[in-house]
Amino acid sequence: MPEPIRVTVWGENVHEHRDQSVKEIYPETMHETIAAGLRASLGTQVEVRTAWLQQPENGLTEEVLANTDVLTWWGHAAHGDVADEVAERVQRAVQSGMGLLALHSAHFSKVFIKLMGTTCSLDWRSDGTDRELVWTVSPGHPIAAGVPHPLLLEREEMYGELFDIPQPDELVFISSFSGGEVFRSGCAYRRGRGRVFYFRPGDQEYPTYHHDGVKQIIANAVKWLAPDSPRALPEVHHRAEREWFTP
Amino acid sequence: MPEPIRVTVWGENVHEHRDQSVKEIYPETMHETIAAGLRASLGTQVEVRTAWLQQPENGLTEEVLANTDVLTWWGHAAHGDVADEVAERVQRAVQSGMGLLALHSAHFSKVFIKLMGTTCSLDWRSDGTDRELVWTVSPGHPIAAGVPHPLLLEREEMYGELFDIPQPDELVFISSFSGGEVFRSGCAYRRGRGRVFYFRPGDQEYPTYHHDGVKQIIANAVKWLAPDSPRALPEVHHRAEREWFTP
Amino acid sequence: MPEPIRVTVWGENVHEHRDQSVKEIYPETMHETIAAGLRASLGTQVEVRTAWLQQPENGLTEEVLANTDVLTWWGHAAHGDVADEVAERVQRAVQSGMGLLALHSAHFSKVFIKLMGTTCSLDWRSDGTDRELVWTVSPGHPIAAGVPHPLLLEREEMYGELFDIPQPDELVFISSFSGGEVFRSGCAYRRGRGRVFYFRPGDQEYPTYHHDGVKQIIANAVKWLAPDSPRALPEVHHRAEREWFTP
Amino acid sequence: MPEPIRVTVWGENVHEHRDQSVKEIYPETMHETIAAGLRASLGTQVEVRTAWLQQPENGLTEEVLANTDVLTWWGHAAHGDVADEVAERVQRAVQSGMGLLALHSAHFSKVFIKLMGTTCSLDWRSDGTDRELVWTVSPGHPIAAGVPHPLLLEREEMYGELFDIPQPDELVFISSFSGGEVFRSGCAYRRGRGRVFYFRPGDQEYPTYHHDGVKQIIANAVKWLAPDSPRALPEVHHRAEREWFTP
């Protein structure tokens, strides 16, 4: 039996305490809800712990990251409060092989922006009137397995193009909204030895992380993001010897 | 001054004679309308001729293709009437460096299917109620230059995902429809020495090829598709000599 | 425990009988050697059978393909003897979700050419003097897990660029040869619901399929190619109802 | 006649003064040599100026960048001396639409690393014994037009894989070296509204920028990198109105 995937679910942990509307949807916090969904979906295939912004070193010490195969990230109100040093540490962990699942407003986290190299800006609207449809455009991708086509979210925030990201290595999902907007909502990348998946839905004002289809996608993504090889940061090597010179 | 781009606008030329509704929208035929749009947009930058299904060799002799830098293709009702030999000839011309602009229902042409290797199937609806919005997702791409974001087509046929194509080398446009569906509507590929662009809008029942934004995209696409190098079919070479063996 | 991956190892089965040199390297045939390697590498994770050109329907009936998760293909001397109908059947199986591992001279098989849409031509030399080095360029890809960097093959046929293929969705390996040539030797594609991996080494005149690193790559590729979802050919759907019209 | 492309050739300008060997190859400095090559290749199609590290604001004020369509960058010994503020300014200019040609050791410049999001590390050797062959793998790409296949550089520094970059949007060239190493040496990316091309050859100890084939590639790259649309940094938009809500 393979080793369980060690998942750390990171939460900003601000809205759940500040906003009554969010508290009602996520009384256990967003990160504990996501963590519980993963445990329910994947059972002994995963070992899930949580971490959050207000912990020392934002909960992401070198030791935590060294023991994390896949990190999920949700943040929105306090991107600036993540220490630069921590953001760089997470970036290095991804480059070394750790998987990163960037959720919804994590598009504007320091970590995601550093990994993309673009502004990661987008269009948005959140007035409680938009319905989201998430369409699969890469039906053979592991992250799309068992996902309804389309996946229907009755109410969600709208994110619209232009989403300023590098073209994904693999585009898995595209969303439409009631207002007619579209968005590349499932985007897979490789960075160094690690993989990154961006998944759009999950605004704090809507019960998205309670949705079965969303839980399925998050569980699929965690499996896809788990590394196959030992962790190692790509480094400069001086190949002084022309080892293969003589044929 | 650079040589003009030699464009051949190919039309199936069936609906325009058979269907009164189409005749009214395109009294000069669809291909002559597209050709006129290109001449108006690009002036002396292009030399545009037309060809159609009912001509000998479907209007696409070796000589015509040898003198075509960019071929635009519209077909729908009579894909099966294109001779296999002609479809293969066009495929070879693309592999040799000719550009191909596949328009709307050309997704199911013999030529496009051969170049993609997939079924090219999709979802559709044409009941006169759908509005299409074409969103740019690659704003620096030459084919998106000067195109409104979104481009609005008041009425069009709906094409929806799953569109069974290889992931585009560059995805330029995504459409949404009133029914909530989405579609990868501007897809750029390289095949051999040639380039292929698929552009979705253009059902025969709607006046799409009279639309300024659509004309702009078609003109941009023709410029992007024009080859930079002399035509040559990739071929097997026996490199018997190890020419660079001694360093 | 997950179901075993059902692998069919297809062999052309010509050189092994005709050429004494090949018979000596592969006394059990090439396909039985590849199959034995897979069984040794993956144990109960796979169920491996073989099929070959000279069987009825080239060994690839509808029933065989319906019960194959991953098909590996080696052919060279007799590409033209594969029935068109069989090649189309394999293409449809891939589009439906079956994985395909195209080995070495399978670049010129009917199946691979149909799936690529290009000529698949290349440069070559086989005079017994070339050493091949296979370098990993996507170190986090599952197919590269545990593979030496570079993987050294003391003697192999040379394949050189230009290899006329669509740009791979993911390029995993690049080879160099003693003559200074390079080749994209590990190329991953999605086609429909299925995946395709092309792996270059494996000329019949060299003992490549006995090499541990090669066996590792083939085992990794089989795991990556196995489908995650039930098989289904992408098809046209008429979405007559605007199901999501009312927001 | 189209407006000329405004090119700024940026040079680190250190080796040319410090190292006698470099001074002999590039008595006019590397950046002036590159600039002269561009003027000779492209004539009135370009307006070329130079800028260098030791100027105020490293020669790259907001005004200079606002009037630059394409920036070429060569640096090696003093990456750390480029002000962070200047590197960020250049990054924003690229995201806004300016083209960037990153030359050789610019892989380790602040600007390139920020745009890639990876470590950009690689293997290397520079002992005067390596011959480089640059092979075209995307023969229809504008940057490959008129380039010999392979392009032969008698002596160059070796750069080898793993080159830790995101998979290029388009891979145009692959190099091999006498030691058997390979390298993705021509890599095209889009970032925001801008384009980036990385071109490997050009170590200061070899006369690479005097080479006709290299000059051809640099001229081709400048043309490909020039923007087609007005400059604009992608920004967040609040689409408060559901403008296309009523179908």
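Letters are used for the chains, namely A, B, C and D, taken in the order the chains are written, and counting of residues starts over at 1 for each.
Everything that follows uses one rule, which is that contacts are C-beta pairs under 8 Å (C-beta built on N, C-alpha and C of every residue); 3 or more make two chains touch, one makes a residue touch a chain.
The UniProt protein names, listed by chain, are A, B, C, D = ThuA domain-containing protein.
As the structure is a prediction and not an experimental result, all values here were calculated from the model.
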- [ ] Farthest from subunit D by Cα centre, which chain is it? Let me know.
- [x] C
Task: Intercentroid distance (Cα basis), subunit B paired with subunit A, Å - done: 37
TODO: Express in whole angstrom the distance between the two chain centres, defined as the mean CA positions of subunit B and subunit D.
DONE: 32
Task: Per-residue overlap in subunit D, given as positions that touch at least 2 other chains - done: 129-131, 133, 138-139, 150, 160, 162, 167, 169-170, 178, 180-181, 190, 192, 234, 244-245, 247
Open item on the list: Using the definition of touching given at the top, classify the network of chains in this structure as line, ring, star, complete or other.
Closed with: complete
Task: Residue ranges of subunit D touching subunit A (in the complex, touch as defined) - done: 91, 95, 114-119, 121-125, 127, 129-130, 158, 160, 162, 164, 166-167, 169, 178-181, 189-192, 233-240, 242-245
Open item on the list: Could you list, by residue number, the parts of subunit A that touch subunit C in their complex?
Closed with: 97, 129-131, 133, 138-142, 144-146, 150, 152, 169-170, 178, 190, 192-195, 227-229, 234, 244, 247
Task: subunit C to subunit D touching residues, read off their complex - done: 131, 133, 135-139, 149-150, 160-163, 167, 170-171, 174-176, 178, 180-182, 184, 245, 247
